[in-house]
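Common to both upcoming complexes is chain A, partnered first by chain B, then by chain C.
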Partner chain A sequence: MTDPGGAPAGRRLLLGRQLLDHQIVDQDGRLAGKVDDVELTLPEDRDHGRPVVTALLSGRGALASRLGGPLGRLASVLSRRILPDPCDADGDADPDAPDGRIWFGDVTDLGNHVTVAVDAADLATDAVEQAVRRTFVDRIPGAKEPGA
Partner chain B sequence: MKRFLGITLGVLTAMGGFVDIGDIVANAQTGARFRMALAWAVVLGVVGICVFAEMAGRVAAVSQRPVFDLVRERLGAGVGLANLLASFFITFLTLTAEIAGVALALQLATDVHYLLWLPLCGLLVWLVIWRVRFESMERIFGLLGLVLIVLAVALWRLEPDWGGLVDSARHPAVPLGEGRPTYFYYAIALFGAAMTPYEVFFFSSGAVEERWSRRDLILNKANVFIGFPLGGMLSLALMGLTATVFAPVGIGPDHLSTVALPVSVALGKVGLALVIVGFFAATFGAALETGLSAGYTVSQYFGWPWGKRFAPREASRFHVVVLVSILVAVLFGLTAVDPIKVTEYSIVLSAAALPLTYVPILLVANDPDYMGDLVNRRLSNVLGTVYLVLLVLVALVTIPLMVVTKAGA
Partner chain C sequence: MKLSELLGKPVVDDQGRDLGVVHDVAATQDGPITGAFGAALQVDALVVGASGLWARIGFSQAHIAGPGILRGVARLGGRTDEIAWDRVVRIDGDRITVRAAG
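And then the complex of A and B:
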């Protein structure tokens, strides 16, 4: 299914209906954001290659830029303001920081959920979760145990 | 006993929907002004919420997908976001009113002004959400809310003119002195209260919190078909009480203490004490339901980890949304905004947003990719479709009616 040069046989997937806006679940069953957008790569040689689904986009403004319009722009600006940025002030990217891309090769199952073979903690959407946890939630007593 | 406790999710959901602060007063007012001539709107609402809550619970049990997850998936990111904004706003307004409602119940018991109780009530609601396990929470407040059965007992003790009540329910007519638009405005308020979207958000998320699976479909049915009719019965009992006590003398109860009056007339101090406990439990339950729903909707739209089955730090963003919602609700409540007006507005506004929540449930409940052999039967689809048409009609007339009747004045 993920083989770009494969024959047309195999399971067909409707991007809009069966992929976009679906829940992403990590290898341990943790909820890890939504499929905010899907990235296709067109081959350089259009006559012989096929477009390949390269990545699912989740977090890091993917939703805001997809929504567009005034609301989307506002969300974009807000998310850049509020959310931690993996780039430093000069714009040098931290090569290990998640950029919101999940390689399609990491997708292990496509059902009601999109299951991926990575740890949610390594994904962009979880960086915000971690930041909120570190700066705020962990400081409230009782944050570490489930309810009694 | 365990089986019985299994239906507390449905009971708590229904209490929060049917006998929360706004409904307590709205039902009391309609009883006093229209006697039982609007009972049909409650019955219509009970059937509607049963149809969709059963679907939502079944989808959650089979696919572990709560309602707002489906909303984003089926309506797409844009329309889903519009629904999120509307639903969140309604839920937040209701949360404000419920926290104030808890404070009003305490004022009734202590004579200390409710604004002084308000911050403490907000803190208590948050503490329960932060620290109490979901099952314990739903059992405590679901069971405590059952104390409101005292409303039905009081009605029975008053020995009302049953024939007259049933007659006014079976042959509904707009009473003299009331306009037709006002009558329909209240009909929508009652119908909207029965079908508020936060009930399905809470119910389906609760099913996931309790890890329901395909084996729990009977439990789902029991929750739905016992919980919601029970809530509806209590709101009808309240309507009957005020129809019996207030309608003949032309008094319109617009405060919680006036609503409690018929119960103390019928059952004395014990009745009054019980009804105050019941009001406290029902409004507190509704505050939990709306507070959690605020977190559920936002988290499920964005795909964040959510819920009380994890330690709070595992669902940090969810808990921040809940905490901030409660905090802002308390601040909003402290401006001395009339909590009863707030819920009335939020219920009527929610009627305008209902179709966007119920369409995705109906779609997914019919999707074999999710449901396998447990897709909707024909009856659910017929009823679901009829109700959707009705919801769209209601959504269209709600705002104009609100303007024309000056919100039922």
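And then the complex of A and C:
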């Protein structure tokens, strides 16, 4: 049996090998970051159920959290310097800002890459990419010239 | 809970025996229907093997399907076993405790 997204039901995966660090591709085929971590939700009744994969985590410190230790702390500090937590006009935390979670229900295919039914611009990884461009790439002489 | 909180974590049984560390987590697509993906992935086992350099760089026997020479090299890091999720008793910050087999 195959679901509409093409993933055969009953298929078995190794989450570390077949999800972590895989490229995420959006609905238009644009690159949208890598899978930095996977969210598992434990059933309410832990004695009679198994954890379910509920989201992919990407960008905005997800990798720093996974690395852990001094390297993870360094990556976290750098991530916050480059990309401060999003705020609304009043300076409060913006609840609508993408938080790096991609609901697993938005995944349409798992293979050499992970295809999701969302726009890359709506994902937290896009904010990271834009921030890196602003902070580093645009400062390279000639980077803003046409064709660069 | 995040996958990264399980990977690399030591596993012991409830009699105190060291079973190794988590090399990977196996999941089957047999959960409730969830959006476009269809049936959700549900964790069904921990893939556990010896700790050490091989496991840290992801060169686990569970991860190498071929060719044969690579499988042979991966075997140097020790074999891996699957522990069914229903044997997991407790997940602490520094270890996972499972019911002893048999």
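The rule we apply is simple: the second predicted complex is superposed on the first by the 112 of 148 C-alpha atoms of A that agree within 3 Å, B and C clash if a C-alpha of one lies under 4 Å from a C-alpha of the other, contacts with A are read in each partner's own complex, and residues count from 1 in each chain.
Everything below uses one rule, namely that contacts are C-beta pairs under 8 Å (C-beta built on N, C-alpha and C of every residue); 3 or more make two chains touch, one makes a residue touch a chain.
Everything numeric here is computed off the predicted structure, so don't read it as measured data.
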Q.
A:143 in the overlay: touching chain B, chain C, both, or neither? Say first, second, both or neither.
A. first
(Q) Quick one: is A:102 in contact with chain B, with chain C, with both, or with neither? Answer first, second, both or neither. (A) neither
Q) Which partner does A:10 contact after superposing on A: first (chain B), second (chain C), both, neither? A) second
Q: Could you look at A:51 and tell me whether it touches chain B, chain C, both or neither (first, second, both, neither)?
A: second
Q.
Applying the document's definition of touch, where does A:124 land relative to chain B and chain C: first, second, both, or neither?
A. neither
Q.
If we overlay the two complexes on their shared chain A, which of chain B and chain C does A:39 touch? Say first, second, both or neither.
A. second
Q: Examine A:31 and indicate which partner it touches, taking first as chain B and second as chain C; both and neither are also allowed.
A: first
Q) Which residues form the common part of the chain A surface touched by chain B and by chain C? A) 20, 66
**Q.** Interfacial residue positions of chain B with respect to chain A in the complex
**A.** 63-65, 69, 72-73, 76-78, 80-81, 130-134, 136-137, 301-306, 308-313, 316-317, 319-320, 369-370
Q: Note which residues of chain A are touching chain C in the complex, please.
A: 3-5, 7-17, 19-20, 37-42, 50-54, 57, 65-66, 68, 103-108, 117
Q.
Applying the document's contact rule, which stretches of chain A touch chain B when the two form their complex?
A. 20-24, 30-34, 36, 58, 63, 66-67, 71, 111-112, 125, 128-130, 132-133, 136-138, 140, 142-148
Q: Could you pull out which chain C residues touch chain A in their complex?
A: 1-4, 6-7, 23-32, 34-44, 47, 58, 62-63, 85-86
